[in-house]
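Each of the next two complexes has chain A plus one other chain: chain B in the first, chain C in the second.
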Partner chain A sequence: MILKVEEINRVVQATILPEEASLTNADAFKEEMISIIGRGVRLVIVSFENVNYIDSSFLGSLVVALKYAMPRNVDIYLVSLKPDVKNLLTLIRMDRVFRIFNNYDEAMGTLS
Partner chain B sequence: MISFPDPPTTVKKILLVEDNLLFRRVVESALVKAGYTCVLSESASEALELLHSETPDLILSDYDMPEMNGFDFRQEVLLNPNISDIPFVFLTSFTDNKLVLEGLNMSALDFINKETPIPVIISKLNNIIKTLENEHVRSVRELKVAAEALNVKSIPTHAPSVSGYRIFYWHRGYRGYPGGDFIDFVQVDSRYCFAFLGDIMGKKWKAWFFTFGFLSYIRAAIRFCVLDQDFNLATIVQKINKLIYLDESLQNILSSLSLLLLDTHTGRVHYTGAGDLPLISYSPKTGRTSTVQSAGLLLGLLEDGFYDNQELTMQHGDQLAIFTDGMIDIPSNGAKKSDYPFFVEKITPYLGKPDSFELIRKHVLDLIDDNNQMDDASIIFIEKQ
Partner chain C sequence: MRAYSDQIKIVFDCNREGIPGTLNVCLNHIREKTGALPLDDALMAKIKWVLMELLTNAVKHSGERQSVLRIGFSEEALSLEKEDYGKPLVLVGQDKKKIVWPLEEVVKPVDFPIYHNGMDSLCVRTDEAGRATFFIEELAEMEMPALLSDTSEHFGLLIMTKASDEFAYEHDPDTGLNRFTSTFYLITH
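Entry: the complex of A and B
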């Protein structure tokens, strides 16, 4: 398992467990995300609190999950990104397609 | 003192599954001394859990363990396609012939007796790993030869000569594999030349295979736009993006792209990017290094990728670089990190020199090797004469 998952009211908090989000776990992450999205949730909040490094394979999986989520009206938020990871995501404009929050609480605060 | 034989060239990670603490410590210390990284598990179930996040180069497992024995562990590993290919060796005090045969029949590479002197165990492991490495190198070479015979190249053989500019490029595949990076130049006429690079998200063969689909689209889109006399980069990249977005076979594949158009008449360089890293530019007049970020999203992500046009007026001696994200990945205290500002800092001292790119190659690029490279890395460097 790459994700530790908690679900309340069709909102899923999914915490990425490995510190290195890379080629070795990108496929497993994609499959876990797709199975979460496929079971009819409305929002998946992905926490990067453990992640120190993300490579392009894992970024690819994240984006594939988003492409799978969009036509199903499922949102994906990203939270708790460490500065290096956040900088990389911002540099390549991923902040334009994912909503990014400081932590779970902040992301949950947008739901009313 | 017993000397250990030479370890393989790159640091290899061995997963040791052994319930006996003392033996675990003894073997671990010998492996570390012999130049390996060691990951330890005291039970098969712990090892299976660990294999979700770790990919060792070899698994060394005891046979006799409580709960799940070595054979059951081996079966579990074989059932999981993500880890079934990892070389597997038994290390056990059970040396009954029938048992050894049963172990080897489960595609284990060796069945080593625990009574064997430690240096001999290490030698055996070294041999196994070296043999696998050689085999691997041979396979990669054969595939490369086959790809070359088919004339599919994701990296050009030489830079074009464009009047008024000096163009350099450099590429290194992740651990010597052809990977997901591509570089190309399209020389339209004596006035215009396109230069671009990109990174298919992924590594090794899978990404490499898709580079040709992407490259064909990019080349075709550029050619079609040129035929229409349309040199607007945002339009060109939006066309490429749409083609890729609508192509079902590329549905789950995304790529970054940095696209430059060099105009030899005006001396201007036009730039647009798709989810790429910001361009670095240097002007000797101000002595300053600056970065230019474009707005566009990764190719194939959304139907409209918000591509923009940036224009750089290049004066004599001005330099610029575009590069893929493998360039900014660096090992740091045993972990990995991506650090764009660090890369800018690293190349800045060599900018504005008569042979800047040679200096960058010598002091930055040539230092990238199998031990510190974490992804395909590519760069195009352009200087106005």
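Entry: the complex of A and C
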């Protein structure tokens, strides 16, 4: 399992467990995300609190998940990104397609 | 080609499980070499991104059991090279045409746009020898980044191009050698 998942009222908090989000676990992450999105949730908040490093393979899986979510009216938010991770997302402009928040509470605040 | 007075060679068995260990060997070497004058955190982060993508590229695309990494220092620059004798680079241009090395007909510098995300256009320029230099052209900002409309295969090249000061690919048709080179300037002017 790549994700630790908690669901309340069709909002999923999905915490990435490994410290390295990379080629090693990108496929598993994609499968778990597609499974979560497919069960009828409205929002998936992905926490990177444990992630020290992310690579292009994992970013690709994140984009695949977003492509799968959009036509199903499911949002994906990203939270708790460490500076290196956030800087890499910014480098390739992915900060423009994902909503990014400092933490779960801030992301949940958008729902009220 | 720039001469590096100090270069080490690291052999990488192209398997995904070996990436973290090899990455640490490379980073530790760079930290040792720069011990008295450590590189700043932002530059080290870029070097780490490029190393990770070079290793990932070796696993995903070379089709070889081993690749060689070379880390070189000169007074002005640090270079990261990845070499293998696997499949040559294949790029799909924005016009969907494939660009395959060795290039059949290159008579002058030629530019190929290969990917854009609405804000950056990743391009490659070839010279007479077939050496390909990657570069970014910034586009006028669009409302909705086109990131989602393209494949993720270009993310690795985009990361390496944007993180490096120079990023290039060479293929020697006589020996079959492929070489990616990422260069970081250590002295800013």
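Brief remarks on what is shown
Just so we're on the same page, the second predicted complex is superposed on the first by the 112 of 112 C-alpha atoms of A that agree within 3 Å, B and C clash if a C-alpha of one lies under 4 Å from a C-alpha of the other, contacts with A are read in each partner's own complex, and residues count from 1 in each chain.
The rule we apply is simple: a contact is a pair of C-beta atoms (placed from the backbone, for glycine too) under 8 Å apart; a residue touches a chain by one contact, two chains touch by 3 or more.
Values in this document were obtained by computation on a predicted structure and should not be read as measured data.
When both complexes are superposed on chain A, chain B and chain C clash. With both structures placed on the common chain, the touch criterion links A:28 to chain B but leaves chain C unconnected. In the overlay built on the shared chain, the residue A:84 is in contact with chain B and with chain C. Contact with chain B, but none with chain C, is seen for A:1 once the two complexes are overlaid on the shared chain.
In the superposition on chain A, no contact is made by A:102 with either chain B or chain C.
Once chain A of one complex is fitted onto chain A of the other, the partner contacts of A:93 extend to both chain B and chain C. Of the two partner chains placed by superposition, chain B and chain C are both touched by A:60. Set against each other, chain B and chain C touch different numbers of residues in chain A, with B touching more.
In the superposed pair of complexes, A:18 makes contact with chain B only, with no contact to chain C. Only one of the stretches 38-46, 74-82, 92-100 or 326-334 belonging to chain B has C-alpha atoms clashing with chain C in the superposition, and it is 326-334. Contacts of chain A with chain B, set against its contacts with chain C after fitting on chain A, overlap at residues 20, 22-24, 53, 55-57, 59-60, 63-64, 66-67, 84, 87-88, 91-94, 96-97.
Across the complex, chain A is touched by residues 16-17, 19-20, 42, 45, 48-49, 52-53, 56, 59-60, 117-120, 145, 147-148, 151-153, 155-156, 158-159, 162-163 of chain C.
Within the complex formed with chain C, the chain A residues making contact are 20, 22-24, 53, 55-57, 59-61, 63-64, 66-67, 70, 84, 87-88, 91-94, 96-97. Listing the residues of chain A that touch chain B in their complex gives 1-2, 17-20, 22-28, 52-57, 59-60, 63-64, 66-67, 84-85, 87-88, 91-94, 96-97. If you check the complex, the residues on chain B that touch chain A are 52-55, 82, 180, 199, 201-204, 207, 251-254, 256, 275-278, 293, 295-298, 301-302, 306, 325-326, 328-329, 335-340, 374-375.
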